[in-house]
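Consider the two complexes below, in which chain A is the common component and chain B and chain C are the respective partners.
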Partner chain A sequence: MSEVLPNEASTSPAPVMGSLLRQLTQGAGLIVILYVALYAIYGYLQPRALEPYAIAALMNNTAPLALAAAGQTFVVLSRGFDLSLAGVISICNVTLAVVPIEGPGGAALSVLLCLAIGASVGAVNGFLVAYLRLQSIAATLATMIICQGIALVILNAPGGFVAEWIVYEMTDRLWGLVPVSGLVVLSVVALWLMLRRTDFGVAIYAVGADEQAASLSGVNVRRVRFGAFVGAGLLYGLAGFMLSAQTATGNPNSGTPLLLLTFAAVALGGTSLAGGRGGLFASVIGAATLTLLQKVLFSTGVSSFYTGIFQGAVLILAVVFSTAISRIGEEK
Partner chain B sequence: MANNNPLAETTFVQSGDTRRSAKISRETISAIAVAVLCVVLLLGARFVSPSLGSWSQVETVLILGSFLVVLSFGQGLVILSGGLDLSLPAMITLGGILATNWIGSSDPGAWYLLPIVLLVCAGVGFLTALGIVILRVPPFIMSLAMSIIVSSALLGYTKGTPRGAAPEMAIALMKGSVFGLPAPILFTIGFVILGWLIQSRSIFGRYLYAIGTNVEAARIAGVPVFTAQVLPYVLSATCAGLVGIMLVGYSNGATLRMGDDYLLPSIAAVVIGGSSILGGRGTFLGTVGGALLLTTLGTIISAIGLEFGLRTIIEGAIVLTALLLLREELFQKLGSLWK
Partner chain C sequence: MTGAVAVAGGEAVPGAALELRAEGVCKSYGATVALEHADIALQAGEVHALLGENGAGKSTLVRILTGAVTPDAGRMYLHGAAYTPHSITDARAVEVATAFQELSLVPNLSVAQNLLLPRLASSRSGLISRADVLAKGREILLRHDLERIDPAAEVARLPLSDRQRIEIARAAENAGRVLILDEPSASLAETDWLFAQVENAKARGVAILYISHRLAEVRAICSVATVLRNGRSIATVDLDDASDGDIFEMMVGHRVDPARPAARSTSGPREARVAVTDIAGSELNGVSFDLNAGEVLGVAALEGQGQRELFRCLAGVQKPEAGEIRIDGRPASYRSPRQALRFGSGVSYLPEERKTEGILAGLSAATNVVLPFLPRISRAGMVGQGREVSAAQDAANAVEMNPRYLTFPIGELSGGNQQKALMARTLASGAKTLLLFDPTRGVDVGTKESIYAAISAFADEGGSVLFYSSELPEIVQLADRCLVLYGGRVFESFSGEDINEQRLVAAMIGHHDATGQEATR
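Showing the complex of A and B:
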């Protein structure tokens, strides 16, 4: 059992030399190194990139994808795929643009609304996959289409305005230094690190690694799967909230571009797409790396037409690399 | 097997009772049910609006349906082999844009470039397949990545605004008529017969059923697994390229988003046609029925004048219903009631 447990570099005690390789293969060590290296290149190309303003802007760009990738990680860890995030984020975005509620209270209400939307769709997904035993790709494909339709019904063309309080405060810096969006992502990571130690957290890994073994050990597989989808939905709701704060307007297709990138982020973070291995923190850094990559490409003068070629190539390489490295880890 | 991973969650399905009669009847029943539903819908549409349900509307459905029939043949082969192809929109656009850019309307003698366009599409499909079979990238990730790579390359190649007009061959295929019948309908009938022969009557087709059911067992049984896994993606990409050329002939030009609306219907047609999304089961005739049913529904819904959002919701609900109805357990329960 201990083999499937995560060993994220951020939380474990000082690594012993023997477990150093496992740190790299199963934790977030590798992706953190990659991120820092990429940031160094970015800082070299754009000396202004290290100013608080630029860092906050990067965080604001990163937050929606990081949160969506964090949600995707829940489902992937429990051995499944979730396509519904494209629809959930779109619904949250258009809802906030059609029903702007001003002030801090309004923002709180808006967050709750987004979380409720995410949790409801997640519950539907969870019910379809865990209890009716539908294929997760197929079931979430259907819910994604339905959600995209709902988003189009709420707002059939880009437009509307997100409440100003959300737009300004959620993209601001505390004391002129700490980006609020970064804090939101950080608190999600902190929550996850606590959740991971609970029975539910352990059970997600167990179900993803070997469903039958988990079931025989007394894990309620259905409830865990269901919980993973609901947890994912909550994070998509939060991602939709942060995306709206960043774009300040509504777009019924706003979630679609994030879909592929969440898988890329999860794979970059080293989470096995076959389930049972990886972690949420690594996916968040994976998402940050992808966003940073776009900035670096832009600052090196690559036409934005060709961004997709790099994203696709990075995705394929990330999957191939993480499969290869986890195979080495297993042989060790 | 790595390439089966995304589809491997619910593979603990019992297939103990495989009486031949039961198996045949299941697929035939869903194919017949879909066909009957199609006819009922077309006739029933008369009550909604008298202009519907006429012969000319049947013709429209068949012509519009031809795109989906060709496309879902390729998607069906990939799904049958245990994979999933999400690169179809990009491949449709690739076929369409290459056809308008390389051939255009100026030189009718350049028809020989059409097969070359299809060959390019086949080549990209081959790359997708290599990623899945050799690099072991999960099919839906590999095809999705290939999709954004090709879209991005096309965006750069056309600088955002596709030029050129439809080649005359493509226009003749979609707008012409032979012996008083529209050419696209005749073409579709020919394609369906060919597709049926490939999927249900050829050795290659059998191989697909074998690897879709169990790759390891197929390998042991002597199936050339590599070829059987690669060819579906090559054929799927070629079919999508062909759909791109057909769309160009139909609408007289290519756009960068011309393929976007076809991905979900291509999967939906296969699932509604009674194929298992897990692979190893399904017939092309069922898929053809699914494609025609979706097209019929689409024309009726747009005739009623529902807004796009509601149409999307209905489409999703149909896919979900089909998935729920085709559940393994449901059929097993029905089977046990029968006994």
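Showing the complex of A and C:
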């Protein structure tokens, strides 16, 4: 299963067909095609789907899941699972609903607060997993439960109001065209592409593929793992911020529905759940596809009860398809 | 990590030209002493061999020198200053680099990325330039005569031999002072390239520690050898002055053989119960032998000479790519240990890894013993604990296992008793052929004796036993005949009084003993 190359120094003068197929399976090729195709269907069913306000609405719906999936990708790439996001997003959401700080300065303070919450929980996860050597799923399950408990202590029932500035500006469009939430996600992707070109970025892949070899090669495995959890936490914090902007209110369980969908988005993006292969951008598009699928189904009048069935089926198809394609690519 | 290695300004020690010196280092894991007392001194510009049997402490000493393991006691000096690495990175910071036996390349990264790990980015921008990484990688490959390897190729796609070469090239690149090569030729077909690299490093004034099981290779490239035995460094000798016999004696510890029990009576015509013809695949390159009724056949080999695959093929766990296995004259057609148990007179397998392949930790010892033949003792598909225990009783007696333990969950028993239970299971299966892979690994002396007695008794009753052991005295004591595997073949075979440790050791490292008999098959 080592045929898909996540690193950047991997192109080889292979036959055109083979390299094309590899290009497709590697990185985000397949999922981008899937997304564009789905968007075309959406546009066909809903002619207004291509108007700026519809695009912005879709972006606003997509952003929290996309950011959470991006965070999950950090941990999955380094071979681990992170369940704590459900708790982190809930805490950020209720905090913003209980302590609304108005104005642009307030928004800046709020986002810093969310990032701090995420980074702290990520640091705890990282400490438990990297230094105390707990299994990531067990450690983050514990922190998730604790964080959900904290969220309930802060706000024990849905309610409260998120600062108006955040609610309006973060879901708005710049110049009536560019959705702010889309820009936030885009800047995260840009940061990721930059990070990938650092020693830390390469080390995440190395640790995910073979921890022992990475360690013998001089990579500080513990620090990398710790860093991956903190990076993930920061993104969950940002996801909580964007979710609050979208819902405008607090809910101590707001993070929970995103939990399993992040894994679906990561897998849909072609990132190996066994670590070492994949990328953050693909997960973001994976998340966008899941959200778009909801919209498409809704616009075709399918009851929302069926959404889950379709999302699961698409996930299986995408994984089967990408495995099949990479196998063909391998034979070339 | 920082400050762990104090090199500059350490107290000057007489004879500071010694590049790396370790004195009295030792390491224990719990009650197990892996290294009792080792002294070794590597000189700059000299290739120093480290020799010893399996379990002599070689790998522990290597791990200590590379910083992967911290010794319990002892002192180490590099260039006359104290050397106390706490990690591989520490060791590398003072230019001590290692090519590991198990290879330490990251499979999903490119050759160039691996060569430069952990620092790929330029120090100015902190960002990695792909072109820059490739150029640097190409340069390193060129420096080590590997320009035919594409620096952009993903390591996982390269053949094992190239991966080993890259591992060695990377270590040589990072080794300014000390280069440790752990079994560097394990997957290389020829040694020309390797020796050229060693000579290069030597010319640069690097001290080289060369660990190999192949004595001919050691003689070709090394000038000095340190011999380890039972966790102690026995001697450091000049290789020009030491004969092969001297070295084997140092490795084994004595020339005299332990008393062998009287040879088993070989009355009656012997028929081959198991006949193996030219089986090959994975590590095996054509192995043939017969195993007769009433015979104990030992297999001696260093790690990774194909013994594992041989047993797995015979047990039905793995299918040989070529060759034939006949049981009682019929071609073996079983595909699993379960089928093997019922094939002909039956083949029962005691696997190597007790924890992962052998026991079902949550179930009682009795259940573990009777598992292979549950249907035989069940009544209408139901099995009561009483029946299990009584069925397991006889087998437990055969290995002198206290019947009291039969009702305990096997996971709670000591390692020795777990092994006895597994041995009992193998015996109780009713099979006439036993395949025992290292049956006494990690058990105490008393348990060993019980297991030896059970094996002998089984053979006396006409059973056939094929056993591999990493402990040579065991083979000498138990085996009627012994095969030595080397490089996936039967390198030599000994029988009766010819089985002694020195001959076995010589054959195990691919060395024909001139005085010994030639390979019989």
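Rule of thumb we're sticking to: the second predicted complex is superposed on the first by the 296 of 332 C-alpha atoms of A that agree within 3 Å, B and C clash if a C-alpha of one lies under 4 Å from a C-alpha of the other, contacts with A are read in each partner's own complex, and residues count from 1 in each chain.
By our rule, contacts are C-beta pairs under 8 Å (C-beta built on N, C-alpha and C of every residue); 3 or more make two chains touch, one makes a residue touch a chain.
This one's a predicted model, so the numbers in the text were calculated from it and none came from an experiment.
Engineer: Quick check on the superposed pair: does A:Asp210 touch chain B, chain C, both, or neither? Answer first, second, both or neither.
Structural biologist: Only chain C; A:Asp210 stays clear of chain B.
Engineer: What is the contact status of A:Gly218 with respect to chain B (first) and chain C (second): first, second, both, or neither?
Structural biologist: It touches chain C, and chain B stays clear.
Engineer: Between chain B (first) and chain C (second), which, if any, makes contact with A:Val178: first, second, both or neither?
Structural biologist: neither
Engineer: Which partner does A:Leu191 contact after superposing on A: first (chain B), second (chain C), both, neither?
Structural biologist: Once the two structures are laid over each other on A, A:Leu191 reaches no partner at all.
Engineer: Touching A:Val99 in the superposition: chain B (first), chain C (second), both, neither?
Structural biologist: neither
Engineer: Does chain B (first) or chain C (second) touch A:Gly149, or do both, or does neither?
Structural biologist: First partner only, chain B.
Engineer: Classify the contacts of A:Gly276 with the two partner chains as first (chain B alone), second (chain C alone), both, or neither.
Structural biologist: It touches chain C, and chain B stays clear.
Engineer: Can you name the residues of chain A that touch chain B in the complex?
Structural biologist: My answer: residues 79-81, 128-129, 132-139, 141-154, 156, 211, 252, 260, 263-264, 267, 273-274, 303, 305-309, 311-313, 315-316, 319-320, 323.
Engineer: Inside the complex, what are the residues of chain C that reach chain A?
Structural biologist: That would be residues 1, 68, 88-89, 92, 98, 100, 102-110, 112-114, 117-121, 126-130, 133-134, 150-154, 156-157, 170 of chain C.
Engineer: Contact residues on chain A for chain C in the complex?
Structural biologist: Going by the criterion above, the answer is residues 2, 5-12, 194, 197-199, 201-203, 205-206, 208-210, 212-220, 276-277.
Engineer: Considering only the defined contacts, which chain B positions touch chain A in the complex?
Structural biologist: It comes out as residues 2, 5-7, 9-10, 84, 131, 135-138, 140-142, 144-149, 151-153, 155-156, 159-160, 264, 267, 271, 277-278, 307-317, 319-320, 323-324, 327-329.
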